[in-house]
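In the part that follows, the structures are each spelled out as structure tokens.
Shared between the two complexes below is chain A, which pairs with chain B and chain C, respectively.
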Partner chain A sequence: MSEIESQYLVFLFGGIFFALLMTLFVVGIVFAHQQRQLRNKQKLDQVKAEYEKTILNTEFEIQQQTLSYVGRELHDNIGQLLSLAKLYLNSSKPEKLAEGKEYINEIIREVRSLSKSLNLDWVESISLEKFVENELNKIQSTGFCEIHLEAQGTIEDLSKDQKLILIRVIQECLNNILKHAHPSKIQVKISASQKSIQILDDGKGFNPAVASKGSGMANLKKRMETIGGKFSLESEVGKGTKIELILPAN
Partner chain B sequence: MFQEFFTKLNNNLYSQTLLVLGALVIFSFFFLPKEKKRRPEFFYLFLFVVLVYFYENFAIYMLVDKKSNAFFHSMISSTPFQGWNIWILNLFNYQISKALLLIYILQLIYSPLRKTILKGILFFFVGFCLILQVSGWYPLYNFQPPIYFFGNSALIFGSGLYFIDLITEEKHLEMDLIKNWNFWIITLILFQSALSFLADIAYDYLVFNDLDLYFFFNYISMVLYLLIFLTIGLYFFFEIRKEKNKTVRHAA
Partner chain C sequence: MVVGFLKSLDYYIIIIYVFSLLGITAYFRLPKERRKQRVNKFVAGSLALVSFYESLAYFLVSLHTVNAWVYLLFFHHFAVYLNLAIIQEFVLNKKRKWIIRGFILVHIVFSGLPLLLGIIPINDNGEYSSILGSTFIIVSCWIFFYELVLDDRYLAIKPIRFSGFWLITSLLFLFSGSFMILISYSYLINNYLEMYYVVIEVTRTSAMIFYAFCFITLANWKGYFQTQTPVSYE
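So, the complex of A and B:
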């Protein structure tokens, strides 16, 4: 074999080997990258499914809460009004009949307002501040404790899902206070500029380091994280509790 | 003199291809939209092509124009002039172009830790080259094996960091690797550097024992350099076409 032939063979086989090596490398990197893309897609699908599950659960819980509120209203308010209306309408005196009709009109108004709360469209139309105010008014009407609302600005840029979760988290926080803290005062501070909601009570407090039996706090924290927000809690035995909800930055 | 320069060019297929390809790439850069010209990945690639285009032709010219070569030699050394042009390759190819490619890779990496490591390597490389030359241990007009070794190792390591970044950083996840020109350019840089690295460290052995293999390393390295040029050219060309299509769509 001549020198040129041997040189040609070295170049040919060397070149083929080198091209193969490069191809292998490129295929390897592309494969690793695609695997990671696939894993990431699966992870994203999982997060999305979890998010949808959280939204569904939240909707269900709000509906449950609404139904129990509607039940209470039907029994304590509309039921009473209907009994009164029946009583007055059965009377033969014209002024009693007129009063009975007034009661019927009031019942119609109450039923209309109740029917509006049965689907979740109200979530879109109500502002967060108004919702908190309503919830606090409900607490005050029971005479359970003193309430105080401090709202600076209006929080506007929240999607329906984010609002739904926030409403449920606030409801759950207030329920927990009423159930466990026995406070004499509940204070809610809403700051639109800092995108935060603080819920403070002067109840009996607890030690957050001691793990609770339920998964309530962890659940609230997870829900806030689902919508890109944050949940933090400070409490001390005998010194009340402070909950801070940092809203998602849209 | 220019006659001699073109005769030398005519005898060298690599230089001829580089002359044509380089001119096309440089020319195409000017057709890129303004905002793309300012983007580091395009700008550094353009600088790299201009640099290689300049030093490859300048190196050939210095072999012909001995007077100018002797003048430059007298500026960097007091030793007698022997007609070599190695100082051009030492300075522009083994030092400036390697540093430029490291900077190009650096701006494609997202991880702050990997960025810091590569910055460290870059500064160390520049410092290393300066110390070796200023101290006189490895002067510019002679062979500089430690600088060749460090330059190629830095590029191999830098490319490795880029590939690790590519398969670990979330910001790269959306990217389609096959259609990503930077990925192909860095793959070619990695293989070109690996071949140069092998040829340089085995230089003594190969020259005396297996000259075919030594030429093989050098020729493939040249082919890879041309492929890098071609890929950069295609990158620019497709970006110009993309922009043109966008303009046509807007007009429609």
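So, the complex of A and C:
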């Protein structure tokens, strides 16, 4: 074989090697990309499962709370109204009978309003501002502490699931304040433009650096993250607590 | 003159003509909004440029005139800028886009201007310009592959059905081959001229593959290929 022929051979093999290298490169990149897609899909499935679990848990908690509220209402409100209605309807006086009928009408209204709270459709119909206002009014009606609501604009673009979780997180924050902080004032600031809700109290506060026994705060943070939002907390012993919920950007 | 030119045509330039003709026709048949996309303009421009300078080079050969300046000016400069522009269109990160644009600027300053001012002789074999250009193109290709594999925005894309992937892969191999050839250019020319022609064939084949992908990108039958990057910054 002449020198040139052997050189041609070298370049033939060189060319084949070059083509193989190109093929290997293409296969390698496609494989690496597919592996990443696969890992991402698994991660997405996991996040989706976690999201669904959080929604289910939240729904369950809200239903439990609604049931206990319905129970309380049946016993304390409707039960009392029924007793009064029975008393008036048993009377022979026509004015008492009319009052008894009025009570029956009131009972019907109360039962209708209670039945509405039994399913979670109210979550869709109520605005976040109205919900917070109702919750604060409930607190004020107990005479536990002073409340203040500051709402700028209306938060509208939230899905039912996101609203459900937010409602539960707000409820939990307010419950925590009532249980642990013993404040004289609770303030809630809602800003639609900044997509944030601030819950402030002037209670006893705590040191956030000290790990708490429960997993409440971690749960709230995780729930906010599940819907694409953020949860932040600032507190100091004796100086109250400030919680900020950053809503998801839809 | 014309007969001499026609006689000088070989399979390489005929294939380049075919891809250019089909590619440019496909470009003008694209819907208006796709014709406005810069990537499609650059790809069509690349096809027009190659058919122009290769014709000029073949024409000069038919006149038995030196054609090295044609490749130096068009392949080692204008084609490099167009190819870098194509790559930066597929890069998502704004900073990395600017790095690639910076490469174009550096190439203009350190190779284009010296050529214009006569510091680099017009009939130079183009080793310096080509090494500079090939290095920038190879680095830019790796920037694209880095993003393709690691950037979340590329997760939804199937590389096999993404024209950017094929264009840039073929560019990488074209310029890797051309880089290796230019490193050994003087040695091959002086010692193994026949071997030099064989090596040139490898580059020509890579070039034909690249221009084939340019045509495929513009033709994009039944929308099989995805030509747009997932997120455009500008």
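To be clear about the criterion, the second predicted complex is superposed on the first by the 244 of 250 C-alpha atoms of A that agree within 3 Å, B and C clash if a C-alpha of one lies under 4 Å from a C-alpha of the other, contacts with A are read in each partner's own complex, and residues count from 1 in each chain.
Note that contacts are C-beta pairs under 8 Å (C-beta built on N, C-alpha and C of every residue); 3 or more make two chains touch, one makes a residue touch a chain.
Model, not experiment: these values are computed from the prediction.
Q: Quick one: chain B and chain C on chain A, clash or fit?
A: Clash - chain B and chain C, as placed by superposing on chain A, overlap.
Q: State whether A:18 touches chain B only (first), chain C only (second), both chains, or neither.
A: both
Q: Using the superposition on chain A described above, determine whether A:218 touches chain B (first), chain C (second), both, or neither.
A: Touch status of A:218: no partner.
Q: Touch test for A:32: chain B only (first), chain C only (second), both, or neither?
A: both
Q: Touching A:40, do we find chain B (first), chain C (second), both, or neither?
A: After superposing on A, A:40 lies in contact with both chain B and chain C.
Q: Shared contact residues on chain A, chain B side and chain C side combined as an intersection?
A: Residues common to the chain A contacts of chain C and of chain B are 7, 11, 14-15, 18, 22, 25-26, 29-30, 32-33, 36-37, 40, listed in rising order.
Q: Along chain A, where are the residues that touch chain B in the complex?
A: Checking each residue of chain A against chain B gives 6-7, 10-11, 14-15, 18, 21-22, 25-26, 29-30, 32-34, 36-37, 40.
Q: Taking the touch rule as given, give the residues of chain A at its contact with chain C in the complex, in rising order.
A: By the definition above, chain A touches chain C via 4, 7-8, 11, 14-15, 18, 22, 25-26, 29-30, 32-33, 36-37, 40.
Q: Considering the complex alone, what residue numbers of chain C touch chain A?
A: Per the stated touch rule, the residues are 145, 148-150, 152, 154-155, 159-160, 165, 169, 172-173, 177, 192, 194-195, 198-199, 202, 205.
Q: Contact residues on chain B for chain A in the complex?
A: 163, 166-168, 170, 172-173, 175, 177-178, 183, 187, 190-191, 195, 212-213, 215-216, 219-220
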